[in-house]
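In what follows, subunit A forms one complex with subunit B and a second complex with subunit C.
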Partner chain A sequence: MSALVLLSVVGVLLLYLGLFNQRASLAVTGVVGLAGAIIVIAAGWHLESPLFGAIVRFDGPARAFSLLMAGATVLLFLFGVDYYARMQRNVAEQYALMLFSLIGGILIVSFSNLVMLFLGIEVLSIPLYILAGGKRDSFRSGEAAFKYFVQGSYASGFLLMGLALVYGATGSFDLATIGSWSTDPAHGHDAIFLLGLLLTLAGLAFKLAAVPFHFWSPDVYEGSPTLITAFMSTVVKTGAFAAFHRLITALQLPDAVGTMLLTLTVLTLFLGNVVALRQTQFKRLMAYSSIAHTGFLLLALLGGDARSGDVLFYYLTAYTLATVGLFIILTLAKRAAQGDEHIRIFRGLFREQPWVAVAALLMLLSLAGIPFTAGFVAKYRVFLLGLSSGHLFTTLFAVAMALLGIYYYALVIREAFAPREQEGGTLAVAPLNLLVITLCGVGVVALAVWPVALP
Partner chain B sequence: MIAALLLLIPFVGALALLLLRPAQARPIALAATLASLAVVLYAWATFTGGAITHLDLAWADAWGLRLTMGHDGVGLLLLLLTGVVFPFIVAAGYGQPEDRPATFNALLLFTQSFLYGVFLAQNAVLFYIFYELTLIPVFLLLLYWGGEHRRSITMRFFIYTLLGGLALLFGIVYLLVQNGGNGDFAALAAMDLPAGTQQWLFWALFLAFAIKLPIFPFHGWQPETYHMAPLQGTMVLGAVMLKMGLYGVYRLVLPVVPAGTAYWQDTVIVLALIGAVYGGVIAFRQSDLKRLVAYSSLSHVGLLCAGLFAGNAYGIGGSLYQAFAHAILVLCMFYIVGAVQERTGTTDLRAMGGLKNAAPRLAALYLLVVVNAVALPLTQSFVGEWLMFAGLWQVKGWYAFLGLTTIVLGAIYVFYAYQQVMLGPGRDGPAAADASMRDHLVLVPLIAITLLLGVWPGPVLDLVDGPVLQLLSGLTAP
Partner chain C sequence: MEQGILTAIRTVPLDHYVLLSFLLFGIGAAGVALRRNTIIVLMCIELMFNSVNLLLAAFSAHHSDPRGQVFVFFIMLVAAAEVTVGLSILVMMKRIVDSVDVDQMNRLKG
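Now for the complex of A and B:
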């Protein structure tokens, strides 16, 4: 509760700071506010607090995922100091909107009432529609915002329809009540409940960018300002997955929903990895790799095992660290290459900035799932979970897809460690960016050595 | 303690090279490898048999990973191999052009550290982690210091190896799930899986090692990679990395899926022997010295794999013994390739000849290497190959016959290469220097090892004997 209030107040404060042109203090205020929120959330680690008439339940997993999202936002704000340094107007709004979106994220990872799920998704999404169009004079940015808005609205429609049907079948919005209703064998084949659930999950799958609800993601990722792309692929993805997990573990899922999840998993794994093979623009590559990772995360959810929340948290932490770091490096390389996003802009990175190249190597290896990185442990635990829940062939398929993943990440590594052929602009790294890159690079290794667990 | 020292000495050495970037990187790397060699030799001197556990710490038991490190006789043999080989690999670098020596040697040391990890790990997950980890420094070595077409060849090598790696990961995860999350080698060996499962699981586990070795038809990456790699990289690949494949079969395939092994035994032996003969024939047709040695390695490795799958004491013991001998041999052969290239500026056999006139000592050293390569009695290779043929003979007579033909082929191409390089009329050009002090310092100890162990193989065979008999008794008991 206090974290939500704190973040809202800081968001409004940021808007006022913008009004009075206090650009230098924007990121500082944001980071301090987030640090405060992190402390407040962490302080109550073992408490379970129901809020707003118990439509939000702030329990262990909710706190853990909130911390992850807030932590990622801190990293992005630190990056923002350099990123927004060239932007003339409306910088305060960017920070404030990200905070508001984060609040939505915190609401959906802690909901215990479907109404709150819907409200949270909207609070999460609406600031993003604006942020995606953050570069006002860029055609692509506008296109991204419009696409995201239109498709996001459709998804909200699905979600709302689904929630209404679930309410119609069960007579309640409360997650625990619906859960106990669904365990009654007599309700196992209730068509309205089933349809409602399918529509609800489809609405959420849109936010996850699971195939076939992924069509928005490559264009939006490519068109949005890089920092917002990083925000979408880390904070938003974490929130959406945690919400998805919270919903399906609370319910006794009908068989048809299990089949739907399995289909989503296989399609997402296949399409994400195969299409990523053909990408040469780094941002699009990251978009498809994000879809591919959605596939692996869905595999962790398939089992419906008690450990899946744990694995999900671990995987998302590893993914967030690597993604934030790589998007920062992309921004720097893109600047040096006058706006080019082709993966060859990384060429010569090792010669110019050895440490940045090594950090990039660690993060790419982590995304590819090579030992000794967090990404390996994450994938390994997903496979372990998949096999112990009996999905032998799906896991085998996922392993094969992981091989494709290694290939397209290795292509980027190859560029970073190849000598540059012609002279280009020099790649400058601001100290604060170097700090974040280092944190991310060291983080993916440290996380592999000290495995974290949910309370 | 020993395990920690072995892992840390090269690792810290590598970090020191990377962070301090000293002007003279090679002496530091050499010192680190010699220090770790001393530790290995100490481990050997104090080894009394059985299986030793150096380290056993909880790490992440929830997902089957324990920090269990130790070794038995076979593990020690491979640790010895890693320890002996690396000082020579670093020393070989003195003849090579200098390009970022600090980073290069740091990568070599990282490789050594991870290789020690592979041979020390007593837990399947830990083994896998180190096994894959060795790939990263080698990938960078090839990518940055390789020869022509390095970008595409390195990618092919990387993908081939990881294809196997992921199959292995799947196999290990499957075993872990079946075994209730306990991934220790001893516990895995005690599992009794249904025969049908073992038949497919065999390939999940074996594919990685078949590619790493490589045996026919999984060798697509090998000749080009060996040819393109910088000399020291080729040495690492040929002398040590491929031994991980043999060791993996010994540790994770033979004891864990015995019924699967028995089912596929003939298939694997036939494939391995096809590869051995095929490699030999192709080596004979090469006009490039480095490629010739690469194909000869393919031929030798086929034989090693066939011996291992003979599944009897002679075959397995001979194969593991020969693993050590082969490492020394590969090192000598590639060192000679480097020395010849240094003097003639090429590896093309057609452009060479008559080097003996200018460099008689080098020719003599080369000849001593060659007699080991053709497994002349009283050399180390003779002992290993003789044991393997005895083992293969026990399985089927014509397996041993096919194996023997590779010796004949080997004699042809090795002597052919010697003739092309050393004999005949000399070519025009600047006079080549004879073997230097450095050449002697590298080649003489290596040749001494091959001759000494050819006459007196006892110490090494003793290491292998106990574990192999134990493995065999475990296989036949149920």
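Now for the complex of A and C:
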């Protein structure tokens, strides 16, 4: 509980700092608050105190995923110093809303009651609807906010209907009680429970951007401010996957749900990778790449055993590092190219900023899953898990899709190392951004050598 | 909870509540998908949430368990927060495109 209280207080403090125009201290306060929360979570200090009637439980996986999300937010706040430097108004609100959204993320990775799952998802989403529309005069940003809001609320409606039906069938919101209810063979074919579970998972699959619940993601990724896109594809994705994993491992899943998950996995792998092939706008490319990665992560969940949490955590850590770094490089290149987002803006990157280009190379290779990067180890572990849980053909299909995926990452790499034809704006890198890019670039290699594991 | 209300809720069979709330939920879901006016879309989302509230209250009474009804309060709160944000986004869009038609807000493609 202490971490949640600390983060909320820091969020409110940030709003007050904004009120008194203390722009310089915003990011510092946010980072210090997040560091405090990280220490509190890592040390496990006062996390067990049952503040909400024990509907939140900070066990090992919950703490690990919370740390990952808080860490990603720290990186984004450091990036924010430069990103928001040109913004005139409402900077404090951006940081504060990100913190509030993070609190929602922490709630959904640690829920032990379905009420908390719903509240956590809403606390995660509502600030994001505002953040997606952060550029108030931009049409694209407004459209992203609008689409995210309507489709997000629609998905929340289905999630809620699912939770209500699960409650109707089992008479409880408590995850452990529902789990023991579902293991009773007499309840195996309860239609209300099955329908409820399907709707609940569909509502969650929306947050994961799994096909066919992915329609929002390319538009919202493209329209939102880049920092918020990075937040969505790292913190939100991590939180949603951890929640999904927590839910399905706690229950005895009926066969129909297994079939649904398998269908989602295959569709997501196929559509994410194939549509990404013909993307030329970098943010849209990253959106489809994000959908493709959702497919691989879903494959890890199919087995549904204890090891899948570990693989999930490793994969999401590798993915988060690479994504944050690439979005920072995109912002810098976009700035030099006067707002263009086509992948050709990376052309000449190696000539101008060799180290940034090498870091981008490492991160792209990691996303593509080339050996000696964290992305490769992560995909390898996912495939092993898929094979050991008996999904031979799905795993083979995923391997084929992973090979296909190398192509569109290679396109971006080629641009970054090609010489520039005509002179454009010069690409400037602030020291803090360089630090974060370096951390991410080195991180994806270091993770391959020293893998992280769940406690 | 007062016993009289519980008995009154239980007079109607549970199936009827389930059917009614499915019907309301279906109307809401179809409305979000089909209507072009954004204000109506927001109302339809509210209808979806409220059909779930009805269902939860009915289940809660039939299980003789107050937790379902407590959840209803949470849902009302969240729905209010969501509509606040939704209407502000709507006002922002109205200022930019001078319309509340859903089709006006569909330019990102690819």
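The working rule: the second predicted complex is superposed on the first by the 448 of 455 C-alpha atoms of A that agree within 3 Å, B and C clash if a C-alpha of one lies under 4 Å from a C-alpha of the other, contacts with A are read in each partner's own complex, and residues count from 1 in each chain.
The working rule: a contact is a pair of C-beta atoms (placed from the backbone, for glycine too) under 8 Å apart; a residue touches a chain by one contact, two chains touch by 3 or more.
In this text, all values refer to a predicted model and were calculated from it rather than measured experimentally.
Per the definitions stated earlier, placing subunit B and subunit C onto a shared subunit A by superposition produces no clash, and the two fit side by side. In the superposition on chain A, A:410 makes contact with subunit B only, while subunit C stays out of contact range.
If you count the residues of subunit A touched by subunit B and by subunit C, you find the higher number for C. Look at A:384: by the touch rule set out above, it reaches subunit B but stays clear of subunit C.
When both complexes are overlaid on chain A, the residue A:399 reaches subunit B alone and has no touch with subunit C.
Of the two partner chains placed by the overlay, neither subunit B nor subunit C lies in contact with A:198.
Within the superposed three-chain model, A:157 lies in touch with subunit C and out of touch with subunit B [touch as defined at top]. By the document's definition of touching, of the two partners only subunit B reaches A:376; subunit C does not.
In the superposition on chain A, contact of A:445 is made with neither subunit B nor subunit C. Contacts of A:38 after superposition on the shared chain: neither subunit B nor subunit C is touched. Between subunit B and subunit C the least C-alpha distance in the superposed model amounts to 24 Å. Remark: subunit A residues 115, 118-119, 122, 126, 129-130, 133, 136-137, 139-140, 142-147, 149-150, 153-154, 156-158, 160-161, 164-165, 167-168, 171-173, 218-219, 222-223, 279, 281, 284 touch subunit C in the complex.
Note for the complex: subunit B touches subunit A at residues 60, 62-64, 125, 128-130, 132-133, 135-136, 139-140, 143-144, 151, 154-155, 158-159, 162-163, 166-167, 169-170, 173-174, 176-177. Listed in rising order, the residues of subunit A touching subunit B in the complex are 307, 350, 365, 370-372, 376-377, 380-381, 383-384, 387-388, 395-396, 399-400, 402-403, 406-407, 410-411, 414, 417-418, 451, 453. Considering their complex, residues 18, 25, 28-29, 32, 38, 41, 45, 48-49, 51-52, 55-56, 59, 63, 65, 67-68, 70-71, 74-75, 78, 81-82, 85-86, 88-90, 92-93, 96-97, 102, 105-108, 110 of subunit C touch subunit A.
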